[in-house]
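The structures considered in this document are given below.
Two complexes are shown next, each including chain A; its partner changes from chain B in the first to chain C in the second.
Then we have the complex of A and B:
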């Protein structure tokens, strides 16, 4: 399925990105641009809604690394409702230690 | 304004149609004429209309055209509409007023009567038609001359011209010459979809900029699309031609309503110039893509140098010149790219050789052990690597790693990571005094405690200094003491290696002890230990193995890899060959998507 990312900045300064489809090297720049925008808005939290993200290649992880660097290591990144394949990719590389994995957004 | 009969007679006398007609008849004709007036840009008649009259142009200018092209520009004393009257067929072209135009209209019925009754009028018609035939002959001759003497030789000259500035200049100069045009500009389309001024010449102002002049053109490139909305820029005639690939021929830009000539008008105001007629044609390459735009201003009468509109014949010739030019420009661009490609290819080959030096020539083979490897880059250079080296007299250090990208970027990062790990790994053994190392197995733990953990140091270096590319490396680093079989390892986000017994049963997966290197700074990597028993084999791999694709796009999968491992293992090489063989069958000639690397360390049965 084609990749898409939609973003909104919530009133409390949280940036929420919803990722849909397959995130590989060919579309990673769209995700990166959305993160850059959130960083430019000085978001205090980054919430990544991954409920409908079916696949994430290492190029997607690179954007997560970029997000950490760009937004600052003190800005929390929440990964919400990641599917098994995406969760495996994040956990395999140990990146789950630097993001907060949650099942639901409302839990925040 | 209505004209009197006398005025009309004076006017008709000068018409080629009535050179033989007596004054009395002229008075009769004049009395039957009707004054008609058109404002600028009004259609006088359309292609396909039935002709019910003919017109004499008293003053003003009209253009005869079809959907794409101007066929002729006509002015005072010219006649329009007579052909449809003579052969009773629909009009073959549309006639539109260029400026405010006054006409005298002669009705079809009266015209027919004149032809029937007045032989001298019929003779006049023959005069008019003969003159037109002669003009057409002349035009044909000119076309043939242009083809023989200008376009064909120019095509040959252009195809051998290797200097871009010379080429562009030559195209513009020849196009100007063909139309006796006073000024012209060549634009080339850039990769950013902008029209870049390449050369501009205005003879009467003695201006020549760009091209071989070495003088810079002070105008910024014109974007083809609006930067904010992304809409095509149809306001500017050059960008319109670049986008649509259609020529635009304008008799007087100050009368033009479809395009914004404010830039040209500002130029006129500054310089005292008067830009009038303009011809803008696209440079289409062999793929039908527009690669540039050629714009000419102010065509001039050869004898009087009076400024006139560009005629359809000139438009045709300039269009064919532009096509020739586009082909030459394209050829030149292809040659230039080819040269760059050859250079890149050479660089990549050098990179490949250098990278080969980063992989061990010979793997250490401690007594009672076998170490075997397999390495197949997906491209010329790889992001995977492996290493095995003696840390001291006794212990073997080994690494398998995968940089998160492919190609040259990953290869550079591979070189960096591999060198750091090896250096930090070696520093380890040298900086610890014998009293600090309680036993070889725990030496790595000691190193970590005193901040000399090779992976932690490599991670900090990469995560703090090499942050721009957001690269990371998954890697497995082990230190093996061959005597007792104790393995101390760190798994930094890498696919867990598989420990197998001699029957091929999975004894353990060596899972993560920390995140991939480069993800974030200040990680303290914990290490783990286990013992490799006689007959056991440790199989290490990168994700290129389970994620290999077959021609249908299916993955090889880790499950299939594990099935192949679950058979008795007579030797380390056998294990690797088994997987290589199956992978080759599976991929069936598909280009590998990712680098494939394997490393097997087997302790022989005693």
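Then we have the complex of A and C:
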């Protein structure tokens, strides 16, 4: 499925990105651009909705790492409803220590 | 100001280029592009070959323009590459003159020796396409891992308890129950087990990229595929083996291994790598071209005057480690692992080869070993030598140490095994081993001695008490491979037994071994699974077995929980008592005015050890006031070892007023009275002596 990322800035300073499809090297730049935009808006929280993200390659993980470093360590990054394969990838590479993994947005 | 060094100066078929920086070697990200740098003393030209990931044919081959070469180094920046989607290699042109040691072949595409990750064996055991023109492909790697506040733990050497393990073997068995069996991630899931056991260092058998299909063949015995399973044959020195990572198929093996190291560190466990610098996977003149052979054969390999490969490693070729160029790549490699992966220490396979000159003669002052010992980045790393090689050099006790190097103490293994099986006349030798081998390491101290009774080479502990002879038929070499001098004893029956007497003696012998290992001065090393009686069915050389001969069967945890408990308590006891962990040798004298020597020797009579040629028993007492050279005060310890087939009464040395002997361990007693929790040892009823059953060890604590 084609990759898409939609972003919205919520009133409370939270940036929400919704990732859909397969996040690989060919589209990682779109994700990166959305992160940069959120950083430019000085978002205080970054919420990544991954419910419909089917696959994440190394390039996608690199953007997550980039996001953590670009946004600053005081900005919490939430990974919401990641599918099993994506969740495994994040956990096996140890990145779950750098983000907050949740099932639902409302849990925040 | 905008940087102008990020602008291209050249163009090749639409690819923007600029002369590169010679340093650092390998592929490095620079603004806007990638700096490719590689050297060869004898190549006349070089071409960078770029592939889109997984494609059979290159997307472009870019010859290095003449002006991009400085000295012997070809360096080029290529702009606007899709980093995640690139695989790269090189073609080298130069003479093919085997007499002169040159084997250039520009039809071969060669792996970058500095490749930080390598594709081609992404998933363990998936057969490659042998027609692929480039089987092991270099990848670009980001150094963006989030280490947070992690760094190497720097646990003092004397406080280590090492656990030697194979990444795949640890969790590959279905009984492991982990989500990703046989991987770095699998180990992470089993961390609670390691914590429970109590070790504070894991030594990983080779994790540099290797080819599990090297010399793979069908076993005539079982029909199974025999593989290069252990991995003592390196393809790429800077790359973690993809097939050991659950995420290898996604190219995230670097992240997964780093995540493992970070997690182990968070749990107080150091990480050592078993590194193989003595040879490579390229074999001899009949072996494949992977990297060095086609880049600069004469520089990287030790060659006979006729241009053939020297074979001190027993595997076809020998890396030319004391050539200054090769020395530097070894140093670069270790620095990379220490700084980029936070590795705490290295164990060097067949390290004596690293001390040979380019013609194979042992050097008295080998520059490579010296460089490693004095390197600032490696300054806090532990360096451990397997102090022998397959060419007949045996340097246990004499490995050039520079105050830094420790050794796998093969004499500890041999001596302890002979004592255990009841050979007479070894108590004098054993006394040295228990003290950290001062006869071997007089000026280096006990921490130069890595004490072990078993390691990946040879029998497991269970097999050591179950087999007199090796049974290596499954390796398909008619039982000719593997060592014959095992110093093992089967306790009366070759192989598994239903005789309860045989089995209980085996259990006792395993506990005896664990007890003696863990009360010895020096650094103990435990082989994975010995704590639950792992067996290899008598195979003492399972290098090629990707099956239950190597895989740890976690069901043993149920059947051998007593043995596990024994190990666990012995480790805790050791770590609770600094008197076992001296940095400097014991003097056999009273140096603090306590009225006791730091170590005193005993036999069936206190103060009267039997050193005779027929003796099979020995006891010693460690004086707690001498712990750590008298810097700290500890309890007193008494250890009695009866390797005779009869019971013996041991008279106990007297304790200072107010102290009493308490029983920590007695391998002659049935579980759970064979070992007690540290701090909960029961007081010994008779303070004057204790009866040791046949072939048993008693450890008392005086407090």
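In this text, the second predicted complex is superposed on the first by the 108 of 108 C-alpha atoms of A that agree within 3 Å, B and C clash if a C-alpha of one lies under 4 Å from a C-alpha of the other, contacts with A are read in each partner's own complex, and residues count from 1 in each chain.
We adopt the following convention: contacts are C-beta pairs under 8 Å (C-beta built on N, C-alpha and C of every residue); 3 or more make two chains touch, one makes a residue touch a chain.
Model, not experiment: these values are computed from the prediction.
Of the two partner chains placed by the overlay, only chain C lies in contact with A:26; chain B stays clear of it. Chain A has more of its residues touched by C than by the other of chain B and chain C. Touch criterion met: A:63 reaches chain B, while chain C stays clear of it.
When the two complexes are overlaid on their common chain A, residue A:92 makes contact with chain B and with chain C alike. Once the two complexes are overlaid on chain A, the chain A residues touched by chain B in the first and by chain C in the second are 25, 58-59, 61-62, 65-66, 68-69, 92-95, 97-98. Contact residues of chain A toward chain B in the complex are 25, 58-59, 61-63, 65-66, 68-69, 73, 92-95, 97-98. Chain C contributes residues 53, 82-85, 142, 144-146, 148, 179-180, 183-185, 245-247, 250-252, 255-256, 258-260, 262-263 to its touches with chain A in the complex.
Those residues of chain B that touch chain A in the complex are listed here as 404-405, 467, 470-472, 474, 492-493, 495, 512, 514-516, 518-520.
By the touch rule above, chain A contacts chain C in their complex via residues 24-26, 28, 57-59, 61-62, 65-66, 68-69, 88-89, 91-95, 97-98.
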